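Chain nomenclature is as follows: A, B and C, assigned in order of appearance, with residue numbering initiated at 1 for each chain independently.
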């Protein structure tokens, strides 16, 4: 029982950053943008969160700053990709490189450390304990006591679903992805929809980053997004952007993350357990590809 | 053709200006910084040799990415292929003992084999299950990272060392220097030459290029797209693997944690800036190496952290690529306006 | 009758040097149907796009309802009351009819939600008002092409436009669907709307319009009254010389069978039967034309012959050899193929002209190889391209320039030349004159007839019925994946084939 609870909590913790980033990526996916900068936005958000939390002594301001830093990246993306029509793939890769370089450089400049910045002065995002629910024997340990960001992520799934499928904004956003020329000739600027999508993506990736550096652990490490942006990209592709699908897939990836940690107890070397999420992505891609091939044949 | 060089130069200049602006914001004197960068990368025979040596992994991984992108396969697995190539060469160097010329040859071949196998794995998954090589190569990067980390902390670890690393490889496998210049540079130039020849003069190269530009057309023309895909993945994997092997053989002579940390992603970046042109990859590879090498030296005397070179690189990439497209649009519009004036009543 | 739109001295240059509209002045009246005609590349589409604001003009003035206007975005023209329906239908197949119609002007509820009920109601109202037979909840991707066109028109009427611009509206319709469209347009005209339509089909232009403006090479030639002019006069103004509108086919006895398809069937990944028991043959020295509304299996037939898709049953034989499961390269030894989309299938636009010209030849012709087949003999490639240039009268600056620098007509010449130089006995042509100007079309027709004289067998797939009747010896009709007719051209007529294309069986006798 202990193990199961631990596994589920590990799964939720592992899923959250991927879920948030993938929800952000869903906006750009539907808008027809080839966005591979989620990795960089997440990293920028993680760094911003630590800066805000440490210097302003508040996790709330840490979150605010994480969104701000991610937005900076999004603005650069918008400038180059939407305004200057630079290739989106190139812009994304350059931004990821920029994020790594800039955060590493700034960490050194600001905190005077290399590699990792961990300090008792960083205020982490607290856990939320729901009064009555936490008393429930088994469910209570899972439903209550999670990091605040987890609950935000759940709300985000519902909010993003609503926004994309029920609102006028969402209808136009998807139209931008289905047929940009049609949307433009209908009198709505595709460029504006894509800009909005990128900004929303940055907000969610910023939150994902904040969870990484203020929730999952309480520190900033060089390149700490560790490929999660790529996994969230895979998640989006596998479910064709659908927010509910993203939630399910993120749980699966989070589970593989937790499984990795569990395996460590069984003497499997830590390097192999760290591989588990990435191998899991490959397996998921296998099933997806086989399904697509059957459909196209 | 003139446009290519003009826009490249223009982009570099604008990027350097932006970089200078960023430095000013940080309180540094850009002129000092750029002077130091130049001094420590190109200002003398020894810095030049170091820059050239450091350019090798950049150029080779850049070549790998350029050829792959220009031919169709989205091979983003250079980081992983690099590591596997380095591992294969290291293990070979630990257990195979031959006279120097043979040893070097064997290790180089092993390095290429390691990279090719790792890329081949992605190609296999694509051929068998239609799994996108874009995602597979990315995931395999992480797997290779962890796998090599385990290898050097486990079965191949140097027991006398304090941190995970292998023992040094057989001295016969160490790449010698001629004066200041390391022979690894020769391998780089040979690889560039051979790659250019295959890409531009071989029938296979012709099919690769045309497949990359329009795969449907190439297919209808009778090109075997599948066979070409696998060939390109193996070829480019081998190039990235070679980069890893050469780094071990010319550098620390062993596989350490963090070997070649950013080189492979920088290679992808160089391919993008070079617009997949092979000669341009060589030139830009050298240029970016100059920035990185210069930055390390610069840090010693100006207290500017070397990481600023990464920021500068990213700015360069964005600006050069953006200016390339912007210049084309500007020139076209000017021409159109001229013609319109001729016609107006 | 007053002028609702007046264009004065319009100039438009496409970078870097193509003068698409050359100092054109023309006016359109309220309550009329006005056709703008010209061959491909005459500038009629561009002129309308300039009026509409899709394309910025380089000179001239536009007056709408007496006031000067300058539309910079599509939205502005619509807001003013001018709407345009493009040739490539610009709709979202994944959305329903009502969603497509209200996109951009959606009725909303609180929290920015789309008011689905109200939207459907409004759309229904418009459908009934103009008697357009449409289902608001149908997915646009699943309705017929003619219906999609109606959705486009309705989208504009929903926004209360009074001027409608239609770009080649009949290009995607069968002969039977055209009268319905004309009736609807007539009703709109009688209601006071102004209809401008672009076309190159002179019969239709004369039937439908009140006045006709002719353009040639970017200039306006004249505006005439439809009642007082004739097809010949319009054609002469369009082309600048007397155009021969009759066939030049010589008498010819076909030889043995060079191409044969038996019981060919194909079901796609989603279970749709795209080809159903096709039986077809082509003889040496014969041109067989394949007619049909786009989407009835022609594309699948072509792809199956060429090797892009595998049929579920049946066989394909060229010169007696069974190629049903053969790899594409094997088929290319026997088949010359000109695909319907130059840019997507027939060439690589960014590669040089030379690199495009040698495709397929580079593997089939040993003269292109050196050193055990590994190296490409570029000297021979250069000689080959020079030869092609001369033989097919291609106008190019340098064979090392990118393929995209050639005009459409010259691109097609290179492709045609490349394919014909393969010396195959069987030639497969898919829409070979699509998007070409009249001069190039004539050239291609000559080449097709020459293939016939050289005793090759030609399978010609074309959406242009006039072209088929001009060139083919026999005509087959495809309908919903089946071959519903196979007749010598003398024994049938344009009307009969048009009917077969739509209905799939002969008209009641």
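The rule is simple: contacts are C-beta pairs under 8 Å (C-beta built on N, C-alpha and C of every residue); 3 or more make two chains touch, one makes a residue touch a chain.
Every value quoted in this text rests on a predicted model; they were computed, and no experiment measured them.
When contacts are scored as defined above, which chain pair ends up with more C-beta pairs, A-C or A-B?
The comparison resolves to A-B.
Tell me which chain's centre, taken as the mean of its C-alpha atoms, is farthest from chain A.
Taking each chain's C-alpha mean as its centre, the farthest from chain A is C.
Can you check how far apart chain A and chain C are, centre to centre, with Cα atoms defining each centre and the answer in Å?
For chain A versus chain C, the centre distance works out to 45 Å.
Distance between chain A and chain B based on Cα centroids, please, to the nearest Å.
28
Please name which positions on chain A make contact with chain B in the complex.
It comes out as residues 76, 80, 84-87, 90-91, 93-95, 97-98, 100-102, 104-105, 108-109, 226-227, 230, 233-234, 237, 269, 271-272, 274-275, 278-279, 281-282, 285-286, 289-290, 292-293.
Can you list the residues on chain C that touch chain B in the complex?
Listed in rising order, the residues are 9, 11-17, 19, 22-23, 58-59, 306, 308, 327-329, 332, 337, 339, 344-351, 355, 359-360, 362-364, 368-369, 373-376, 378.
Sort out for me which residues of chain B touch chain C in the complex.
Residue list for chain B touching chain C: 201-207, 209-210, 213-214, 216-224, 331-333, 335-337, 339-340, 343-345.
Touching chain C in the complex: which residues of chain A?
Chain A residues touching chain C: 166-169, 171-172, 174-175, 178-179, 181-188, 294-297.
Would you tell me which residues of chain B are touching chain A in their complex?
26, 125, 129-132, 135-136, 138-143, 146-147, 149-150, 153-154, 262, 265-266, 268-269, 272, 305, 307-311, 313-315, 317-318, 321-322, 325-326, 329
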